[in-house]
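Let me begin by presenting the structure, written as structure tokens, before commenting on it.
By letter and in written order, the chains are A, B, C and D; residue numbering begins at 1 in each of them.
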Amino acid sequence: MPPDKLMNLSDAIDIINNDDEITISGITFFRNPISFLTAIIKSGKKRLSFIDREPGFGLDMLVAAKLLKRVRAAMATFEHFGLSPSVRKGVEKHEVEYLEDTCGAVVAGLRAGAQGIPFMPVRGILGSDLVRIHEKKGTWKVINDPFTGEEIIAVKAIEPDVAIIHLHMADRYGNAVILGPRYEDELKIKAAKKVILTVEKLVNEEDLRKRNLELLSANSYRVEAVVSSPNGAWPTGMYPYYRPQYKAIKEYYYYAKNGNALEWIETNLYKRWS
Amino acid sequence: MPPDKLMNLSDAIDIINNDDEITISGITFFRNPISFLTAIIKSGKKRLSFIDREPGFGLDMLVAAKLLKRVRAAMATFEHFGLSPSVRKGVEKHEVEYLEDTCGAVVAGLRAGAQGIPFMPVRGILGSDLVRIHEKKGTWKVINDPFTGEEIIAVKAIEPDVAIIHLHMADRYGNAVILGPRYEDELKIKAAKKVILTVEKLVNEEDLRKRNLELLSANSYRVEAVVSSPNGAWPTGMYPYYRPQYKAIKEYYYYAKNGNALEWIETNLYKRWS
Amino acid sequence: MPSRPTDMMIKCLGSFIKDGDYVFHGLNSIIPQLAMAYASLYLRKDFIWHGVTEQFMIDPKSFKVYPSSGDPNSGKDHLGIVTMVDAFDIASKGLMDLMYFGAAQIDEEANINLSVIGDYENPRVRLPGGAAVAYLYPLVKRIIIWSRHDPRVLVKKVDFITASGRRRIENSMETLLCTNKALIEFTKDGPILRAIFEGLDVNDVISSTGGMRINLGSEVGVISSLSSNELEAITSADPDGLRYEENYG
Amino acid sequence: MPSRPTDMMIKCLGSFIKDGDYVFHGLNSIIPQLAMAYASLYLRKDFIWHGVTEQFMIDPKSFKVYPSSGDPNSGKDHLGIVTMVDAFDIASKGLMDLMYFGAAQIDEEANINLSVIGDYENPRVRLPGGAAVAYLYPLVKRIIIWSRHDPRVLVKKVDFITASGRRRIENSMETLLCTNKALIEFTKDGPILRAIFEGLDVNDVISSTGGMRINLGSEVGVISSLSSNELEAITSADPDGLRYEENYG
């Protein structure tokens, strides 16, 4: 069998270096790797960059803890509750650099990263002021389709240093299964240079072999660490295992709006996972 | 519910027009839509083009029946038994035009077709004489990565007129599941202008809902026809339902090598599905 | 009893769904979700209901909104997972029929701003960002925007073009705006008032903008208040009244 | 008793697999499959075994070849499906460790021909085509080619370059050829004989080519005949002897 990659949270944290670009699983209030993000906050990692498509709770925690120097996302929202409180404040106070992206382009960049190609063409977008911003950053370029000459945007490959993906089950080697919504998480697993899985259920080979007509969401070759973390997405939801705790999320929202996000995190998350 | 797309083989054939470009599911001796290809041969459709990555039995039948004016494939083989007998003869006698492709480029073209973008970059390949052939055809072009200037091949999007996909189960609307190996079939479903599914098991919504944490291989929005066709891949294999009939395939191989493929097809396939 | 503007908006948005449509919704979309529920449960429209939950749903028997529009517990009748990435590809091929987008600002050329109020580098307000709108706005066949009918929203020129309306207008792709007062269509001749909510005054409606000139259509329709059955369909999907907390009245 | 050349080839090919490797095989690859079985069942190498069956396999307890190398009945111990497309992407990122490719012709610059004998437009023989080789040959870290040791195969210049060896050689990517007589390495100084099968004569081996000059290495090793255990491991995966029908002796 390949090397055993099972480790505890505090060892897995060491895979992340200061200044790394990270990406996380899920969307706003679903399948965020909260146990791991809590451990990052405790660890004192510094100057991380963050890239994701539609983050919410997980991103806000990191901005509140001032671990991030840069955020790239298509949307950062607390949906019904309001704007992502710490992200909004952090950007307006210039504490964190913010590069707004758009869903199709984030997916295109991750696809290029996953496929091992330098860029990916993507339709739409033209006319948006985002084009100017990204051309300046060097992340997009308007090119001509070599066959028809048509203008189209090329998105530079996105290959985050580390993808932290919370999912339903994996064996100790990193062969894993996501149930239900995938979002773009399987692309993140393929595009990232290193992959850390935090999992609800640690399973053995026999459990996986029972599902052997299905596609694996991750395989051992791509995975650096597997961390057993039941309830690791709390308070975000883990369909179909558990629902998001909207009451807790709303409470966090008001704490964060008042500049007390870290107090909430310490009280509610620090001792939740060991 | 969306329109019922259930039809019998002879009605589904009408979806294919003369001169269409078609693609089929599976590889050499697995999951080929043989019942449908047999119906095409009986129908007298003409001047079809054929595109696939690693075809075998299904392609050879069509070439033997002289329905094809053009073949584009990365490999056409009868594996252990030898060269694809009718393809070899057809090409050497100039009865069918043959454009050799390579796996990564076929996948890239189908990906572009599936994603609705005009072309897809692909690594590797450079230095192959295939580049010259494809640049002449207008299917590939050597371009420069807009970010680094590096030379890379752009493959023009592949959007076959019709994809004929044999798979394990679908409802009458076209929501479908493939078990086990996918090959590039889900890309073909997404890239083609029209999709015909031939299926081992016609299921109802409740059967699908039981699998509702899994990804659908096809959904009703993309599907034009659903044909119930148990054993429809015979003599190719349908893992895990039934194995390929190597004895029959080998027999066909020798018939075809001696120019008698159609005799074998008439005897063994014409009456197998109604 | 006149209906609440929120429910009128939902009715207005839902009325654009046709049989056979492929309709997709994003995050932060309680109002569109309820419009889809209205179209499905009350109008009995037969359409593909897809969204960020990635559940491929047709003809759901029931539905319930939550504070997240990505909550997979909202609908239970789906057939399987079709990824959002896949839906984006369908849109990229020009095959997506209908989507709803919100707007923090929208201008006469149907440009949408969801990025910043003020300057991009030095924003007065950092908004959540446009999510898929920059990408999908030029691609989806019909788009219905929802927003508050407010001078800060309906402007002459947006502060930042998150999504450009130019190609939509040039290519005559149906683009409508449903506010909590009226229905406006974007055309080559600028925004045109198509209908107002029952009980409102046309002049009030067209004057309460922040610079957006709204022309009168040859005919200005009236969107009538909801019947008890209509309201019941919406309420069945939002028994807790989350929709009223979205500040559309 | 000297071993059959087919089994010697399998042993030679299998000996290149290391612990931790990601190894992928294509269609029409009974010989490589048996080399992987030899490495797994006899050498007990701990590697990822992947191929056109799309089964992600580690440490299989048993294996059996069939006339198609894409037969999913060959291995039963897999953990789930990982698509071929996914494997191609792993290769595109430069992370695929080892692949095997066949060759109808191979030349001094390690160019492979699997397309046509004669002219592309007017072929004397239309071969099956190169499948993934054009794509993957410049990308995979280590590649071992298998072919017959035959003047028609080992040529000075191939009729058609299906896959170009230039970049491999320039970038010193390990590229070896295992025929049914010998092991040859492609280097910047041309093909070099690294080992011959037990009982064969070096001069016989280097002279029986169709123009390919094979230089002698500083040392020419000998690949010894198989022990009964080695042969047994291979035979367990090919009880019907399909490998001997592949015409390598």
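Assume contacts are C-beta pairs under 8 Å (C-beta built on N, C-alpha and C of every residue); 3 or more make two chains touch, one makes a residue touch a chain.
Because the structure is a prediction, the values reported are computed rather than measured.
Engineer: Tally the contacting C-beta pairs at the A-C interface and at the B-C interface, and name the larger one.
Structural biologist: If we tally the contacting C-beta pairs, A-C comes out ahead.
Engineer: Using CA atom averages as chain centres, what separation in Å is found between subunit A and subunit B?
Structural biologist: A distance of 36 Å separates the two centres.
Engineer: Between subunit C and subunit D, what's the gap in Å when you average each chain's C-alpha atoms?
Structural biologist: 58
Engineer: Taking each chain's centre as the mean of its CA atoms, how far is subunit A from subunit C in angstrom?
Structural biologist: About 28 Å separates the centre of subunit A from that of subunit C.
Engineer: Report the inter-chain centroid distance for subunit B and subunit C in whole angstrom, where each centroid is the mean of the CA atoms.
Structural biologist: 40
Engineer: Could you check subunit D for residues that touch two or more other chains and list them?
Structural biologist: Expected reply: 55, 81, 83, 91-92.
Engineer: Going by the touch rule set out above, which residues of subunit B reach two or more other chains?
Structural biologist: In subunit B, the residues touching two or more other chains are 115-117, 122-123, 180, 182, 213-215, 240.
Engineer: Which chains are in touch, pair by pair?
Structural biologist: A-B, A-C, A-D, B-C, B-D
Engineer: Where on subunit A does subunit D make contact in their complex?
Structural biologist: Touching subunit D: residues 1-3, 114-117, 171, 173, 175, 177, 190, 205, 208-209, 211-216, 219-222 of subunit A.
Engineer: Going by the contact rule set out above, which residues of subunit A touch subunit C in the complex?
Structural biologist: 27-30, 54, 73-77, 79-81, 83-84, 87-88, 91-92, 94, 98, 100-105, 107, 122-130, 133, 180-184, 187, 237, 239-240, 243-244, 246, 249-250
Engineer: Per the contact definition, I'd like the list of subunit A residues that touch subunit B in the complex.
Structural biologist: 111-112, 115-123, 138, 141, 143, 145-148, 150, 152, 154, 156, 179-180, 182, 213-215, 240
Engineer: Per the contact definition, I'd like the list of subunit C residues that touch subunit A in the complex.
Structural biologist: Those in contact with subunit A are residues 27-28, 30, 52-55, 66-73, 81, 83-85, 88, 91-92, 114-115, 120, 122-139, 160-167, 242, 245-246.
Engineer: Can you check the complex and tell me which residues of subunit D touch subunit A?
Structural biologist: 20, 22, 46, 48, 55-56, 58-59, 77-83, 86, 89-95
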